[in-house]
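These notes are about the structure you will find just below.
Chain IDs A, B, C, D and E follow the sequence of writing; residue 1 opens each chain.
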């Protein structure tokens, strides 16, 4: 059995992609989820539904549409190319955009339900103590929604790590640039290099498992929840 | 433009698959999530991490491993074959099993955080009023976790609908049996039948959107949440 | 047999409950004590919600809990009113009220929904959600919900704390009625002296997780050692009396206390009913002389000196324990003490300057 | 200028708040009324948490809210103690207490952490989480948290409801001190007559969402129309008196009430301090004769008859409004009434059988 | 970005089934010329869509001729550069015994794996073969479809399918000597599987890309291709 001499690049790109995507998703998902939990607007239901939609399409198909949109003649890619000279498709940035869109529901949904179960009392209380809404959000709501954030991060990160349909399509599987670990494993299976695929899969699983155990252990140490 | 004369079967199979999977996931995920939210066992962290793992592997790769496990000589498929004479792979049942495994985190995670945010007070109160733990679970905990169930159902359903990597691998794309709508759309894109792919995608999106709007509207009508 | 025996030991960081008590398993027992003394924790132990490291509970000869056995909460047939109302947010008021009722066997149901809703003044709120109720309304729903389980043992944690006088005077008789009619023992936590005097038969005084005193309310209120626990103001005597006559012209009601007569302002209580009166020790004046006509407006009781308290270096006053068939505590000035030269056993007249509170004990 | 003017209109299904009030923006104003009468809702309006369809609020000449403008909660510099404690579950007690403190400009901080923690007896709990506190402990943290924001207006919703006597007698003077020292007006909701008498300057009586009466506490307690709202038992008089002398031998304290003398049991209050006494109308006996020596133990006040109440068909008693410089209400029997033949303006002697409650108004 | 590709490097998009031979060719190419090629594998359909939407591929080695033709027509491929670099061979493969056509006839309840005829050239060839042999309708209940030839092989390799139509190149891959037996489907049972290559627009000025296309036609490359079980068009 020959141990595959893998270069670490796909792993690194995957982690970078998942990390960046999760950060963006948290930044983006938080206000969306908060708005959904707060608003009484009739649009709420519409936005709520739209957020879940990316999930419904097969990843490759979603990737295909993203490819069109982000490509040099697409709605988004066109203007970007005109402005910056470079296209979004087949770039790391494009991958990030695509992953963000695709993993959006995994972040917005848990946050939304966390915010909803917090209710309006903590916000009221914080405001009555002189905290602005923004201040109260970060000092009270966010910590109370910790469990929701944990779910959001785990689902968002793991899903971005594992996803490859969208990434393959939009990123183009370019080594050192958009080739992520999931594609790497996929490719190995595809060309019948099962041993390498097994090793890579096992590595990814063990690595992810360890990270998750650490994350959950830390979470467990921090108490919360009250009557 | 030729309207594709689609037979409705893949749509029907997809819906059936997503529906059955979600039901199984709820039945399975509820006790897991409840246990996770209640236990003080040290294994909690391990189980919590394991539940999220299926997400990390690329769907096709997961499908490949499932194919091995569910196959006639696999850990699961072997005994099943010995008992029933039929294999799990390439059957609807196999698809259900695979989807269940793959979508498990989408159900367990939201339920877990919902149960955790409910805390122990409602259970205590219900018990003090003479309800057994099981009774209390269904009459108090479940309704209070409604938002978590909604998230679980939406994520679980939509993801099963959109997923095709695992499904393709385990199901073998047999028309009328394991050919689902996501594969159908994927195929169309692959063979450049873009018009049909667009129509199918649009149909799936609109249909899902309508379902989601209905689900969320109903959810909105039912009030809840208190100080 | 009519006995509730309990022993619980719980160790929290910073607080230890270590309670051993035997109280009658009938009537109302009040658990009294400062904030943080362990009242709620004790109630939780009794209910079975808390599983203490060391616990024993036996009621009327039945063991509910010991080293080997433990009847779980839901099978104890208790009614528990929590300090916070703890309504189910997803159920409307009616469904909240009926939650326990529906889980009680029909032949064990003693109270009916309509009666409870009416007494607690909840009739107009039945379709509302808990979030849309006021604090007091929520508390009333919680009371009703617990009562409707027709419990064998009723545990109430400051149930009337946020209710107004009017409601209290409506609800207290109802609680008493439940206790009497259905023979339901009640363990009741309150800080309100008012509620104590109206309801209580037995007092359990907690302090820092330990039982400081247990006894019938009549004895506890004349126990100088409980000065701090009960509150300086409240000590004196709690006397059970009988209404014997109403004097319309003077607007007075005559009470019989173990053969002696007490006058109080006209009470709207039928003759023959019993009335509990509360006398503060500072309102008792001692005299060796029998009352002269001039002071006939005041109430005078014949008693014996039981014990003369110690003089505190700087205090103005000294406690005298009397025995008038029931114990009475009098607080008099040093000057009076030196004049009277009191000796244990000596007969004495206790002039009651004011009767502070009166509470009917039996129904209208 | 020292005025709080408010007007709020809120329509809930089944309940309408329609309040218009002008009260002094200094001292303690109590909002009093039965459960569900809208007290909490009114406080929420004052705080800005509720944005009523029609709202107006002006304090000391500054408009906080009208049709056009609305100062949001966080900028109102109010301290709000909710009916439930509402602690932040993710913060320990110390951080809960400091939450508002840290959001107050250092030069606006009037109270220091240590003092508040000490008075509220929270020093041993600072590192604990709210879930590990008793009900009363939580309530105290909530009070401390609000106080530490050094508010310009303090709104308190039954803050002492679940505290024991001992703690109440420690905390109430502290609240009074804050009001006096920092000139912080307080709007205070309570059902406790005790707290009312100890704290209150102005009473706002709510009933079914409307203001039934507003006035200084001395007037409100002798207003027959408020019989139901305040409670039958409580009506009579609240008199502001001055401690003039202690009579050690009789164990009495002499009080001056507008030139007349009252005797109460020895109070540990220095001469010159003021004392608020509460007299129940049923403890007032009327007589056209000046007191004879024999009854000198009783307190007697010279007064004038202001108004004779109506005889209820079945009632035993009738209310007489007196003017003794301050209004006093007496409840006498029909028989006495027919004997006395009272006429408005007629001079009369009010014998006070018992002074129910006494509360020091100025510091030890 | 595509422009940064320096001389001496080319991006080659290759259909997954040809990745392994191409790796070997690239190795030789590097030794012989000192130039490096970057290989990007995927399904032909995906690579086509990407190329069409601006992917920085210099060359496409498709698994069929349809997509290169389309690209040429659409102006993404450079006209006149398209050629057939390999002709695929279809084999029937199974882990058990395989006796040519009879195995198909005897296949009762076992599964027969083929690549999706709609998307994969080998799938279409498999369908044509079955039709030729008159088994297509009869075997419908036995058919399972892999998305591509690799998945088809996996179905058989994991014993979930008894037989499968796979590419000869997969079985002859010198690195993975797969067990089992096979039957080479006669070439006249299906349309030939022409795998075509084409130079794409981004490679127009890439010397290395053109050099590589030339290299593909050289004997070194052809030997490798042949070794993997493909035919070449001249033969």
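Note that in this section contacts are C-beta pairs under 8 Å (C-beta built on N, C-alpha and C of every residue); 3 or more make two chains touch, one makes a residue touch a chain.
Computed from a prediction, not measured in an experiment: that's the story for all the values here.
Undergrad: Could you run down the chains that neighbour chain C and chain D together?
TA: In this structure, no chain contacts chain D and also chain C.
Undergrad: Determine which two chains are connected by the greatest number of contacting C-beta pairs.
TA: A-B
Undergrad: Just how far, in Å, is the C-alpha centre of chain E from the one of chain C?
TA: 91
Undergrad: So how far apart, in whole Å, are chain A and chain D when each is placed at the average of its C-alpha atoms?
TA: Once rounded, the distance between the two centres reads 57 Å.
Undergrad: From the C-alpha centre of chain A to that of chain E, how far is it in Å?
TA: So the centroids are 34 Å from each other.
Undergrad: At what distance in angstrom does the C-alpha mean of chain D lie from that of chain B?
TA: 60
Undergrad: On chain B, where are the residues touching two or more other chains?
TA: 60, 64, 121, 183, 186, 189, 225-227
Undergrad: Find every residue in chain E that makes contact with two or more other chains and list them.
TA: Where chain E meets two or more other chains at a single residue, that happens at 46, 49, 154.
Undergrad: Could you list which residues of chain C touch at least two other chains?
TA: Each of 84 in chain C touches at least two other chains.
Undergrad: Hey, which chains are touching each other here?
TA: A-B, A-D, A-E, B-C, B-E, C-D
Undergrad: Within the complex, which stretch of chain D touches chain C?
TA: 12, 14, 33-36, 39-41, 83-84, 124-125, 128, 132-137, 140, 157-158, 161-167, 191, 193, 228, 231, 233-234, 248-251, 265-266, 268, 282-283, 293-295, 297-298, 316-317, 332-336, 353-354, 356
Undergrad: Quick check on the complex: what are the chain E residues that touch chain A?
TA: That would be residues 1-2, 11, 16, 19-20, 38-42, 46, 49-50, 53-57, 148, 150, 153-154, 170, 173, 175-176, 178 of chain E.
Undergrad: What part of chain B is in contact with chain A in the complex they form?
TA: Per the stated touch rule, the residues are 44-46, 48-50, 52-53, 55-62, 64-65, 105-106, 109-110, 112-114, 116-119, 121, 147-148, 150-151, 154-155, 158-159, 161-165, 182-183, 185-186, 189, 197, 201, 204-205, 208-209, 212-213, 216-217, 220, 225-227.
Undergrad: Which bits of chain E are touching chain B when the two form their complex?
TA: 43, 45-46, 48-49, 67, 70, 111, 113, 116, 118-119, 143-147, 151, 154-155, 158-161
Undergrad: Touching residues of chain B toward chain C in the complex: what are they?
TA: 121-122, 124-133, 135-136, 139-140, 143-144, 146, 223-227
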